Amino acid sequence: MADLHVNLAGLQLSNPVLAASGCFGFGREYNEFYPIRQAGGIMVKGLTLEPCAGNPTPRIAETPAGMLNSIGLQNPGVDAFLSNELPWLLSQEAAVIANINGHALEDFEEIARRLQGAPGLKAIEVNISCPNVSHGGMFFGTDPAMASEVTRRVRKHTSLPLIIKLSPNVTDITEIARAVVSEGADILSLINTLLGMAIDVKTRKPLLARKVGGLSGPAVKPVALRMVWQTAQAVDVPIIGMGGISSAQDALEFLMAGASAVAVGCASFVDPLAIPRIIGDLNAWLDREGFAGVRDVVGLALR
Amino acid sequence: MADLHVNLAGLQLSNPVLAASGCFGFGREYNEFYPIRQAGGIMVKGLTLEPCAGNPTPRIAETPAGMLNSIGLQNPGVDAFLSNELPWLLSQEAAVIANINGHALEDFEEIARRLQGAPGLKAIEVNISCPNVSHGGMFFGTDPAMASEVTRRVRKHTSLPLIIKLSPNVTDITEIARAVVSEGADILSLINTLLGMAIDVKTRKPLLARKVGGLSGPAVKPVALRMVWQTAQAVDVPIIGMGGISSAQDALEFLMAGASAVAVGCASFVDPLAIPRIIGDLNAWLDREGFAGVRDVVGLALR
Amino acid sequence: MKAIHQASLLKNRALAPQLYEMELLAPQMASVSKPGQFVMVRIGENQDPLLRRPFGLAGIDPESGRIRLVYQVVGRGTDQMSHWRTGRTVDVLGPLGNGFTWTEDPGRVILAGGGLGIAPLLPLAQALRSAGKEVTVFLGSRTESLLFGIPEFSELGCELQLATEDGSQGFKGFLTTPLEHFLCAQALDAVFLKAKEASEAGAGHAHVHTHAMLREGMKETGFHQLYACGPSPFLKVIGNLSSRYGLPAQLSFEERMACGVGACMGCAIQIKNPDGTLKTSRVCSDGPVFTGEEVHWNG
Amino acid sequence: MKAIHQASLLKNRALAPQLYEMELLAPQMASVSKPGQFVMVRIGENQDPLLRRPFGLAGIDPESGRIRLVYQVVGRGTDQMSHWRTGRTVDVLGPLGNGFTWTEDPGRVILAGGGLGIAPLLPLAQALRSAGKEVTVFLGSRTESLLFGIPEFSELGCELQLATEDGSQGFKGFLTTPLEHFLCAQALDAVFLKAKEASEAGAGHAHVHTHAMLREGMKETGFHQLYACGPSPFLKVIGNLSSRYGLPAQLSFEERMACGVGACMGCAIQIKNPDGTLKTSRVCSDGPVFTGEEVHWNG
């Protein structure tokens, strides 16, 4: 048994394989497949200040080795999260990370304020990269000044480890990474989805009701990996890598590229047992290759 | 028989399915599978001023539904193109488009100068988006000011239809599109490859000798389509759409998103007959759906 | 614990051009599945096509451990499925969603299936017949060859009414037309009967068919539930008929799905809360069956 | 015109754990293929895995219209191939590249195959034997079970020398060691023989084995060509031996490929021009066979 524990700037996790936000709800569904405390951490569905109904359907389109989604942050709101979801998650002994979203800078601040002091909450992940909402969303994550400002504001209101989730839809991800780290981000998570589109040739219209959506899945893995690799060389904070991870081999690619932990998104849709499978295979690989701990793999390909 | 002819700002082509640069050499190889004049046009392998040996190997890595390449513009140079390749291509009655590349602004100018007046050459495509060279390349295509400058300089030296090939590795592709159109680009082609990476878990090193490479193939189609769709709404010049096209359905998605023609890249590797197959299927589809010409499909999904 | 099943493919044959049935040996799944539930089938081991494909359960046999799917080839996933040979292992996730519900007492019910929506009505009819109900089944499709299940429904002793868009079998047109005629006739008959009884008893009634009267009549017929599955415009008409005739409906919906288990929020549907406000529910885990009353029909 | 072939899968069986042979019916291809050429096999119809996989031709039979591949399961493409059942259609592009060359006269040649590099030597040995040559074959692999072709080479009347890294069969270690011993012994024998003849004829020679002497000796042996296929470090050693002993070598290379036909420039190899300058050639279309002399070994 290799040591799978990781410590990301104070965020202690039993293993480095997390559930990516929006791909695991609030854990209830996959808890019917395995005890969700097995996941290194759970980044819950993106929270907004008020409950949010999300976008019209179709919200899902399959693409080659990937999928587009335009959920639009459907969620019960931060207060319902605190009263209904968080207690249940903690009763399952899950390591919970709140993913927060805003249409305006004040929204981020207010959510952070409400989450401050929530017993048991492990960290806050700030989504400045959602491509599926018209106001805010990705807009905050594609401009270094805006990204800095969001980080600065949230930092003021939280003492929890602060994760900033970066958008891949930028010319230079290291610029944004440096900007948010200088404002107090403890950890970076990347990548969110790539802005994409699919057209239904039959109806001659975009397949998604909202026309564009976020691309994720194996198709984006090379882009995600490159960005993790670039970012790991640009900043000194730990990185949670994600984008197309569906096997322990994929996870190892991200770890070797410099991520300290990884998150699994739509692979859970394809294989509900993806997370425990990846953890098991990762462990077996580390043992076989003679690594004492998963930490020893981090950044191997950077040398 | 639907009318497949297209006229892109004076660039007259017998059909809208072109061979993408770097995926068709100088036509000789695929001419052993079918008469290459069947292609709507051939964008030849990227030319540099001097012959170029390219990058070390491995230059190729497969990724989910895609591939990474880091060829590094291996080519015989513009003069050898003019003396050996162009005459042969013209003898095959191919519609030839020269893809040009530079490490410095002066390189682009000089190549354009040498190509000016080359009998039979149909157009110039300026590659300001190659991710596989250290100097120049993508650097020109990710900054609006640089992109404008390259366009302005090449425009001075050529009377041929001027195609600027855009990089997808940017925050806002419409910004670059507008910049180059304002400097005289007649046509835009997009997308070039997305910067990506793959790691060999066995060797714990990047799979490509040059570490990063350009991602293309079906995986990138949703991103390419979105960018074509955005660009078609932002500028008034015709667009040659590409990125992951491997079937007539794919081609139709791009046409409906606003492209006036499309280019087929690595699909030819998988199926050497991809281009004639797509032309045939496109024609059959147009007939079946009652379109008189392919032009009538362009932009249908924009409405 | 929910689970993924590695089922053995026992049968995979064409019922008509582009229409197939598949039988899978999946004893654990067969033992817990209910009519109206569905499964998600994995197409290949590679990353493309990526997502599982959802199919309603068209047969559930706990005794033999078999489940049955009926599917139409509409794209590359179903195309590939149609080439699978028996003996192969199929990766199936399920049963998913909540099925139809019914009471274990006699009574009269109507089933309406449009296109592939016929599939989940097969095990439902079986269950309803076992519960002792009188079952009238309306089946509709584009053309005769795509109508399936007729022998099964007949064997179960269901009354059958058919419709095809091209008129190749039964009524020519949409299924909802004969269904409406049927409901109307049943309700009116009951109204007349009551009127007759009433007039025989000496009372006098004006013969105006108000909606209230039709609903009143419907109650008399003994029909107490409508079940439907099919494309959403079809379900909308059924939902309308349901409220017009005061006949409660259970409608099974389809939506593009990614996870199938309720985690991704991909398959949203607008549902009315009792207080009239709207909430977004998930077709996969809150449905796929919703009552006609609770669905908010937009547009 | 080059073409893609829809070949019928006649045989697909394990030779050893993870080692398979495949026979395909592809008459047109079998009729034009030459030893040393290769094919690109499409793995599936979906977009993943995307690229074709290259395999050397391990058998070419124009009479029966068959070609043969021997492949090792190293990743998901070859893993999937190993599950293909006979009767299936396989999409094969080829023959590609330039094969080995030889003269149609007797003489002695050496073949050296490391690992899967044994495969293309099989049809080559056949052709060389038909041309009347004396063929000595060196085969090496990691372990005994991965050595293949031994009966075929024997039947053709080739002399065989074996090596395995784990010593389970033949020499323990790399194949290049017994090969070097063999070359050295042959050359020295010839040198001694000549020296003996010379001394018998009265002349006196110092017994120092200079490289020039070995090359001189090699000429006397009648060996005039070395053919090799295997991993590139192995080919590098062979290239070295070739120049040390003045024995011309034809080396078959592998490189990551995308198109396989010369269009993408993915499979570059550095080749020396006659004037000493370097040029970048393509393994797929300019090779995969290059002479030991022309290859530029970097590092």
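Letters are used for the chains, namely A, B, C and D, taken in the order the chains are written, and counting of residues starts over at 1 for each.
One rule holds for everything that comes next: a contact is a pair of C-beta atoms (placed from the backbone, for glycine too) under 8 Å apart; a residue touches a chain by one contact, two chains touch by 3 or more.
What you see is a predicted model; the values in this text were computed from it and never measured.
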Practice problem: Just grab the chain with the largest centre-to-centre distance to subunit D, centres being mean Cα coordinates. | Solution: C
Self-check item: Contact-richer chain pair (by C-beta pairs counted) among B-D and B-C
Solution: B-D
Quiz item: Can you give the whole-Å distance between the Cα centres of subunit B and subunit D?
Solution: 38
Exercise. Could you put a whole-Å number on the gap between the CA centroids of subunit A and subunit D?
Key: 49
Quiz item: CA centre of subunit A versus CA centre of subunit C: separation in Å?
Solution: 38
Exercise. Any chance you could list the residues of subunit B touching two or more other chains?
Key: 64-66, 217-219
Practice problem: Identify all positions of subunit C at which a residue touches two or more other chains, and write them in rising order. | Solution: 47-49
Practice problem: Answer with line, ring, star, complete or other to describe the graph linking chains that touch. | Solution: complete
Practice problem: Would you mind writing out the residues of subunit C in touch with subunit D in their complex? | Solution: 44-49, 76
Quiz prompt | subunit C residues within the subunit B interface of the complex | solution = 47-48
Practice problem: Going by the contact rule at the top, pick out the subunit D residues touching subunit B in the complex. | Solution: 1-4, 42, 47-52, 93, 255-269, 278-280, 285
Exercise. Would you tell me which residues of subunit B are touching subunit A in their complex?
Key: 63-66, 68, 142, 169-172, 194-199, 201, 204-206, 211-212, 215, 217-223, 225-226, 229, 244, 249, 252-253, 256-257, 300-301
Practice problem: Name, in rising order, each residue of subunit A that touches subunit C in their complex. | Solution: 22-25, 28-30, 32-34, 45, 53-54, 56-62, 64-67, 69, 71, 74, 217-219, 246, 266, 268-273
